[in-house]
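Shared between the two complexes below is chain A, which pairs with chain B and chain C, respectively.
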Partner chain A sequence: MTTSIMLKLAAGVAIGAVLPFLTDDYTQYIVNICLVYIVSAVGLNLVLGYAGQLSFAHSAFMGIGAYATGVLMVKVGMAFLPALILGGVIAALVGLVVGLPAVRVRGLYLALVTIALMYAVSWVLLHWTDVTFGANGLNVPTPSVFGFTLATEHDRYLVVFPIAVAMVALAGMIVTSKLGRAFVMVRDIELAAACNGLNVMLVKAQAFAISAFFAGIAGGLFAVCVGFLVPHGFGLVSMITQFAMVLLGGLGSITGAIIGAVFISLLPELLRNAQWAQEIAYGVLMILVIVFMPNGIVGLLRQRGLLARTAMINPLTDKLPKTPSPSPAVPTSGVFFATAANRAGR
Partner chain B sequence: MELLIYVVAGAANGCLYALMALGLVLIYKTQSFVPFVNGEFFAAGAFIGLLCFKSLGLPYWAALVAGILGGGLIGIIVERLTIRPIAESHHLSLVMVTAAASITLQGLARLQWGDDLYTFPSLFGAASISIFGAPIALQNLSIILVAAVLAGMFFLLFGFTPIGKKMRALSQNQIGAQIIGINTDGVRGVCWLLSGAIGGAAGVLAGPITLLYPDMGSGILMKGFAAAILGGLSSIPGSIVGGILIGILEVLTGAYLSSAIIEVSSFIIIMLVLLVRPTGLFGQKSVMRV
Partner chain C sequence: MTNSILSLSGVSVSFGGLTAVSGVSLDIEQGEIFGVIGPNGAGKSTLFNAICGLIRLSDGSVRFQASDITSLPPRKRMELGIQRTFQSVQLVKSMSVLENILLGLHRTISVNPFRGIGGGASRDAVVHAREIAALVGVADVADTVVDRLSYREQRLTEIGRALASGPRLLLLDEPAAGLSEVEIRDLNALISGIRARLGMTVLLVEHVMPLVMGLCDRVAVLETGRLLTLGRPKEVASDERVITAYLGASGA
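The block that comes next holds the complex of A and B.
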């Protein structure tokens, strides 16, 4: 953890401490949902922006976490916090299983495997009616923590906010660690990562598992914030929404994921009750961002000097040479490998 | 007897999957990414067909032509607005931009048609002819026939015309194609036109055997992916075989195992094929160059 991350976290905590005094019940609900999506988008950015693996299964992991938390509370009678953590772990284990094929299939094929998995998970949630109640939906009971019942939105905020801060801090620690640098190197040039002694398969599986853990925790928080789960809530629309968050904010940046999550979570409030308006708004926004602002809001702020310029690169726009240049490769590749390894988002 | 009925019904669905897969493979071959927007070409074709056939009272063949033209037009628009500005970017951005185009088109369709389900009048009713004593629905036979004609036209175009030759050049080596003076942007535009037209045709053909709603495309897109992957993603004959195989397998699992499995069968096929044989049935082995 660097000082700049510490500073940003402190600013976030300060905003978060003041916020509940300014909100009414409904606005507080929106704030809670924002926090849920921040956790999820930060997790998606780890696998997509840092490790460069196209994971369409993120909303499915969120669904697994949400349903696991809900079912553990309803059927097993577990308390909220253990159920939440167990839900995150279950999602992470599924993520690990998904991450393993990433060795054999890569790129677009991996995207198709994960999108198939997303549909398969939706199908299981819909048809495993004994556990998930299928299309009737799952009513999540009012959670209680250490004997306090979290009845109002403000009560829930007291639990959701610290967990969200902890998860963002965890993400900050991961991307500045050795593992985070390994993610970036695997993303930028897999072969060089393997040549430098990284176990590429293990790194990818870890990226999937960690991001799935974030999605699972976000799902568990979503379950208690919304109180009612339906299988199609974790399908393609949820996936596209989360991709829009990460792309809009900026790939490979935790701050970007947070900005994107806040923006996109507030957008439906402006376009209430009209699915077509939401779809067109998301779609057009994503097209505009990808075409005109490929580094997202964070990239724009960095360009204008409002955020520190770091060595963040966008895996979608910054092209690395596909084959080594024909000129003598020794000195270039030395520099090249060093930059690839140093490109962790600091 | 019973089996023959199932196989023909499956092959009719499979022909539609094969047409979808054809559109996907064409883009994959010339631009090395799989588009996520082709389901919307299918939905557009179906709705344009409905408009012409039911509301305007045109004959079915005219509705089919209108669906093909409409799908092609949307294909060109998508290419010009979203693909061409970033044609040289990483394939992940191209995939995401097509996903964004897809969700935009779904929103536009929902704006026009709402969340209702529409039905396309059946062409032949329950009419059937008897083959080896089994009653085969004319509806299914007509789909197979038209799809075969369309696929045949596509083969001729891809294999034996100057523009087809340019497409093949592009699929072999993009830079090489540019160097010898091929207008690669233009050829890609034609590919999107064809991809949209094929999707639109599949939509009109599917009309009488399905329900029409704004996000009807996402389901068949997945079937198209499954078909294309089973066939190897870069092989045009493979995608046809893959599509028909998946269509037949689906109907057989529905008939003999459980109808609930039909919905997930294509996803299971995608996962199994990619895990066991990552390059599909007909795909070339990809070699990693160092």
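The block that comes next holds the complex of A and C.
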């Protein structure tokens, strides 16, 4: 079933390869921003949709990644790519350090703790003027990669697009891996997860750190796509926008996060001639989604049978008889049971 | 005594001022099917949580195969061989039966990170999970998402997940709740089969008396957190104090 992820990725790459030939400068900028939010929303979906942790700190992690990338380029003179990766790592480390104590509380309390973190980060970005330039904003230099200067929107796309694809593929690997199964266990059956060998707190903290890494990378890409950073860009409004992306697309689905990120990023552009209607449209849309599509666009597609569930394992159905002997026979071939019986003292 | 797999001595659990379990001492013998019964609120589920490590004891100790596990977290106890099911079925509803059974192998499962994207479970693990599905009787729905299954199938799937890791001690919390009479008879056969074939010790909390009486070697009766009596099913069933606890003082 993991071939379905491969197919989706291939389709995405195909679209992405054609897109820059159809766009002018401005449209290409919008495409780049869409990609940034895809990376971020896919990351938010890991902690929110898969691990089920109500985190409001995602925009703060994005801010940390954006500023870390920008500051490393401006103050340290680091090249874009290493600065980007380091920015992601810094965001992940902050995510882990904050995540470990934060996950001891759950639900609304976790939401409150993470909102506090978000404001703390905003405050630091605003007041640590020696490094961040505070309210004056941080001018991010034109990035260059391997000596090639990314001067135009189309140039930047050549870097942003492969990174976005790699991040989405990474998310796909995570959710179908052992770690992804651990996330889902912690989300749906926390007590049973503990009884099945998981360190629940550690899994939650890992979810925080990994999603913070995605946010950090998205932030770094944002920094070079937009070229100018201000602290309030990573506050509550950005957070709610990203929540909307994940909820609209469908919690616990990478495809959903991508659909949601694209849709919400394009919404202001679609309503550009009716700016007064933007916020109303936003609100109405959210209400409609919650009432009619509680599981998001992907949930609706699945319900209609238009989108298959992604299996967490290879069920080996083609290689094994579907129904083994009708009476439960003593399993003798299984390596696990042999050891189990030995351990039980037989 | 020498052959006991699990020993509780003076186990007490209190929540604030309320004492849910108070000074319970028990020895579960290797290979026996042991029932815990008692009226609602007697502390049966709390006792289970104390054994698998989901709540902390306020007093007493728990020994498993001669090692003290009183302060171990659930995951360590699972590694030693204690596994359980839950009164309210704890399954990932969006996963298939097979995937849920594999969750029971989560710690030990080997994954192949190069199979497609992500790490699928190894072939051995999947084959094993299919065998477990057949053993508990859900082979025909092994690839169905749990959400679409009957309550009986969900219960069996959860037992399958608990069996997957090959525990030495299996705790079943009200496995017969919500099942029909015929289904309970099948469950009886399944549990005795688990003991006979896999050599597991089974500890079950249950309200359904025919199951307890027909299946258990010994039965402990809890009332308001205390151990009221302990013995063979027949002895317990005819014990005046047990009848009083269940039916009220003037009942019998």
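Worth pointing out:
Here is the rule we use: the second predicted complex is superposed on the first by the 297 of 346 C-alpha atoms of A that agree within 3 Å, B and C clash if a C-alpha of one lies under 4 Å from a C-alpha of the other, contacts with A are read in each partner's own complex, and residues count from 1 in each chain.
Quick note on the criterion: contacts are C-beta pairs under 8 Å (C-beta built on N, C-alpha and C of every residue); 3 or more make two chains touch, one makes a residue touch a chain.
Note that the coordinates shown come from a computational prediction; the quantities given were computed from them, not determined experimentally.
Once chain A of one complex is fitted onto chain A of the other, the partner contacts of A:G172 are limited to chain C, with no touch recorded for chain B. Once the two complexes are laid over each other on the shared chain, residue contacts for A:I5 go to chain C alone; chain B is not touched.
When the two complexes are overlaid on their common chain A, residue A:A182 makes contact with chain C while staying clear of chain B.
Put chain B and chain C next to each other and count what each touches on chain A; the higher total goes to C. Once chain A of one complex is fitted onto chain A of the other, the partner contacts of A:T149 are absent, as it touches neither chain B nor chain C. By the touch criterion stated above, A:N139 is placed in contact with neither chain B nor chain C.
Once the two complexes are overlaid on the shared chain, A:A192 sits against chain C while remaining clear of chain B.
Shared contact residues on chain A (touching chain B in one structure, chain C in the other): 191, 315-317, 323.
By the touch criterion stated above, chain A contacts chain C in their complex at residues 1-3, 5-6, 9, 169, 172-178, 180-182, 184-185, 188-189, 191-192, 194-199, 252, 309, 311-317, 320, 322-325, 328-331, 333-337, 339-341, 343-346.
Taken in their complex, chain B has these residues touching chain A: 33-34, 81-82, 85-86, 89-93, 95-97, 99-108, 110-111, 115, 218, 222, 225-226, 229, 233, 260, 263-264, 266-268, 270-271, 274-275, 278, 288-290.
Within the complex formed with chain B, the residues of chain A that make contact are 54, 101, 104-105, 107-109, 111-113, 115-117, 119-120, 123, 127, 191, 236, 240, 243-244, 247, 275-287, 290-291, 294, 315-317, 319, 323. Residue ranges on chain C touching chain A, taken from their complex, read 30-31, 52-54, 73-75, 77-79, 81, 83-84, 86, 90-96, 98-99, 102-107, 109, 111, 113, 115-121, 123-128, 130-132, 134-137, 139-140, 142-143, 145, 161, 164-168, 190, 193, 197-201.
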